[in-house]
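Shared chain: chain A. Partners: chain B in the first complex, chain C in the second.
== the complex of A and B ==
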């Protein structure tokens, strides 16, 4: 049971930061920017490359976050701001195209083989019967701190108030003197940082390959939509729900039902579950699990 | 305009029909067969080893006067480790070079479609490396100089039982090779009185295999029997170490040289396994020639099989007395019945043109390297 909880926690941490980043951007720019998922892979690859070049890991991570933030703002101003004027569907397609281009760049720059951060590998710690590795614990701590800081900015600072005001009603926010374009780009930059931390926290736990972004896309999307796109803290809850669903599929022994002592569903069926959850939510609660006064989708 | 175009088309048609005919005198100088190898991509190291094996075989053959009194050569094409490229390469070898025999590839997923293409063309195909059971069904003109998984898994099943491990979990990649290994191993192991607790197939190219490893451990087997390609084997072994599974269960690797070079020593301490043998009866001289030529030991077991594929092809053409495919096929079948001596031992074919017996080696890790287990 504790192993189940540990697996859920680790999986939720995988998804949470990227889902929050996706949701935060959506709250201001009304289209789901698929490329945010790839930003996390950019962050991970940059950190790995810099560490390989001899930069200390913490510094490499910090630089990677800043570079990804700058890239996110650049892409937003150069591509998405313009295409959004045509329509949000066009912007969605453009973000898909950007994802594919980034993927191709990873292939050329890093090859098709998985790469990893150079971290000491140690045996898992047995916490009351649950196996957790030190690196998994690092990644949980990183994610919790990042989400905590983001929540602090969002709910406790003037900047956060402006962000929320712009998200709720951009015209009204502008009328009260908020520079909404600036706020939008700040949120885009923050989402870049969150995505990069998400990617690095994944790289801390295991290998990263160019298919990473594609593999994460569906569960991250499901988590963000579950939480109500644009509701960034809802995305956190969404990530937890997806993690529980995936872990149920892979950790429950269906042996007794199948008349065998052990029968597990193949671990790759986990993604199917997030797909089912996604479809179910879109059918029955298209605005996510948490009803809000603001029309978000 | 119209007449100019007609003239051009006519000229092109003449050039096309004349093309192969004009090529014949040049080709007649020497006898060239074809080979498709993974010279780039994930399995590039193996491809290079195969290329070296082929080069050494050619030196041997030409030192003894070539084939049918002509110099003998192999036109080598790169598959890039991809099925479509392998088929394109085989197409080029058949249609442009008119190769009477095509050797190739390495991974079963590429050898299968490529072999099927060659069978459709009626061109003799020699498989020098792929061991999936599905290779058996490629067709009438396809031969294997390597024993398939029914032979290797029988060897592995006996070896695992000899360790006193009576119930095991099986872990293999979800492709033609992995499915074959999992099924055939289970068949032999249960026939010998063993029990399979769980059999899991994993998708290749994942960045983590923790979920699958935890599922394997849940069955509390005596040991975990697995097979993995290079970098995936590295991840699986590292995660098994991190999860503490290597302390709880011994790991046994089928075709151990596939993953060994990529896995760090600390994540495979004391691990045992098996692979196809490098050398058989006449293997000593092959290994000596290899080390003299390349200044290092054999890169893998598969260079020797590519070497033998070339020797067998040359012997078949010599016996056939021509490059006619029907005559070559008959000669290959005859050689398979008589037994052909190669670097990997005596090659005999069963009635489905697959090698019946071949050497295997038992391994145990020795730091980064592998040492042969004598049991």
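== the complex of A and C ==
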């Protein structure tokens, strides 16, 4: 049981940061920016490349986050601000096009082989009966700290208040003297940092290949939509729900249902489950599970 | 070399039909269908299923169309209470679910290896003639689809669709049922995409899950956006241009570039093409014609 909880936690950590980043951007710029998922790949690959060049890991991670934040702001100003004037549908298509370009560039720059951070291979340790590797624990801690800091900024600082005000009613926020364009770009930068940390925390746990952007796309969206797009703390809950669903499906013995003693679904179906959860939620609770609550960022 | 161009033109005709069907949904109905390739896959796997069960060509075609209609109905049911962007993501996930299920249900679909050996069309003719016959058939079907789409958008239904796209509230105030409109156009586009899938399966005599990757949907999207959203002639132009460009990408290999570069060229070109056109020429090569004028 504890092992199950540990598996869920590790998987949720994979999704949570990127889903929160996606939701945070959506709260201000009303289209789902698919490229955010690729930003996390950019972060992971940059950190790996810099560490390979001899930069200490912490510094490499920090630089990667800043570069991704700058890239996110650049793409937002150069591409999305312009295309949004035509319509949010076009912006969604543009973000897809941008992620295709990014993944093509990374395929050329890093090749199709999975790469990894140069970390000592850690032995699994026993934590209250659940087996976790040290690197997995690092990645969980990284994610929890990042989410904590983000929540602190969002709910406890004047900047966070401005961010929430802009998300709730941009015109009103502007009328009260908030520079909404600046706030939007700050949120875009923060989302870039969060996505990059998400990517790096994945790279801490294991090898990262060029496909990981594509593979993460739908589970991350499932988590964000489940929490109600634009509600970043909802995205955290969404990530947990998706992680539970995925872990359950691959760990539960469906034998009794199928009339056999052992019947496990193929592991390939784990991701399918998150898509099915997503489609089911969209069918019955189209605005996500958590939107009926307080309408905050 | 001539054979090669013949082959490219045949495929371009099939893609032209796909682009026309997506254009009906996206261009005229403004439905952001990111799962279009799944409708195509219904047609190709319908053909494959009929082939493995030896039910004959016509059954395969009907089966493919039936699958496509069912999926299109499900897509439109899903769209009943969803915003455009949510719906787009939902269609993308359904296409992915379908691809993963097809990869894993090996008994029916041949899994990742797919199903090969489908009877090519006109296989009873001698080699060069058979290829000409295929090109003629595809060209005729493409022309027929074009004529059908042109008739459709000039009909009452087409006008209603355009009204729904521009002023949805006005459209419902005038008594149009938006849900029925969307469903009709999803199913119509789905049937065309299913037929295209059937033709593709019987041209390549191979059906596999890799043909249903979501990048393929964006390939069709690229054709529609570059050619010109809501212009039926434009999207066919877009289909031919993109198909011809992509077919020549493998020749970059002759320039001694690394393999990864060649495999990255396709997504890069599609992505860059879409982005460049969205930024600098959002109406595409041939823009929509309203009242006899290009807008």
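Keep in mind that, in the parts below, the second predicted complex is superposed on the first by the 282 of 297 C-alpha atoms of A that agree within 3 Å, B and C clash if a C-alpha of one lies under 4 Å from a C-alpha of the other, contacts with A are read in each partner's own complex, and residues count from 1 in each chain.
Keep this in mind: contacts are C-beta pairs under 8 Å (C-beta built on N, C-alpha and C of every residue); 3 or more make two chains touch, one makes a residue touch a chain.
As the structure is a prediction and not an experimental result, all values here were calculated from the model.
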Which partner does A:208 reach: the first (chain B), the second (chain C), both, or neither? first
So, does A:266 touch the first partner chain B, the second partner chain C, both, or neither? both
Based on the superposed arrangement, let me know which partner A:275 touches: chain B (first), chain C (second), both, or neither? second
So in the superposed three-chain picture, is A:251 touching just chain B, just chain C, both, or none of them (first/second/both/neither)? first
Would you sort A:123 into first (chain B), second (chain C), both or neither based on which partner it touches? first
Chain B or chain C, by number of chain A residues touched: C
Mind working out whether A:112 is in touch with chain B, chain C, both or neither, as first, second, both or neither? both
Who does A:133 touch here: chain B (first), chain C (second), both, or neither? first
Name the contact category of A:145: first (chain B only), second (chain C only), both, or neither. neither
Would you check which partner chain A:172 touches, where first means chain B only, second means chain C only, and both and neither mean what they say? neither
If I apply the document's touch criterion, which positions on chain A are contacted by chain B in one structure and by chain C in the other? 112, 266, 268
Touching residues of chain C toward chain A in the complex: what are they? 30, 32, 34, 77-78, 81-90, 92-94, 96-97, 100-101, 103-104, 214-215, 218, 221, 225, 258, 260-261, 263-265, 267-268, 270-275, 278-279, 282
Contact footprint of chain C on chain A as seen in their complex: 31-32, 79, 82-83, 86, 88-90, 92-94, 96-101, 103-105, 107-108, 111-112, 214, 218, 221-222, 225, 229, 266, 268-269, 271-272, 275-276, 278-279, 282-283, 286
Which stretch or stretches of chain B touch chain A in the complex? 42, 174, 197-198, 200-203, 205-212, 214-215, 218-219, 231, 235, 238-239, 241-244, 247, 266-267
Which part of chain A faces chain B closely enough to touch in the complex? 3, 7, 112-114, 121-124, 126, 131, 133, 135, 202, 205-209, 211-212, 215, 250-251, 253, 261-262, 264, 266-268, 270
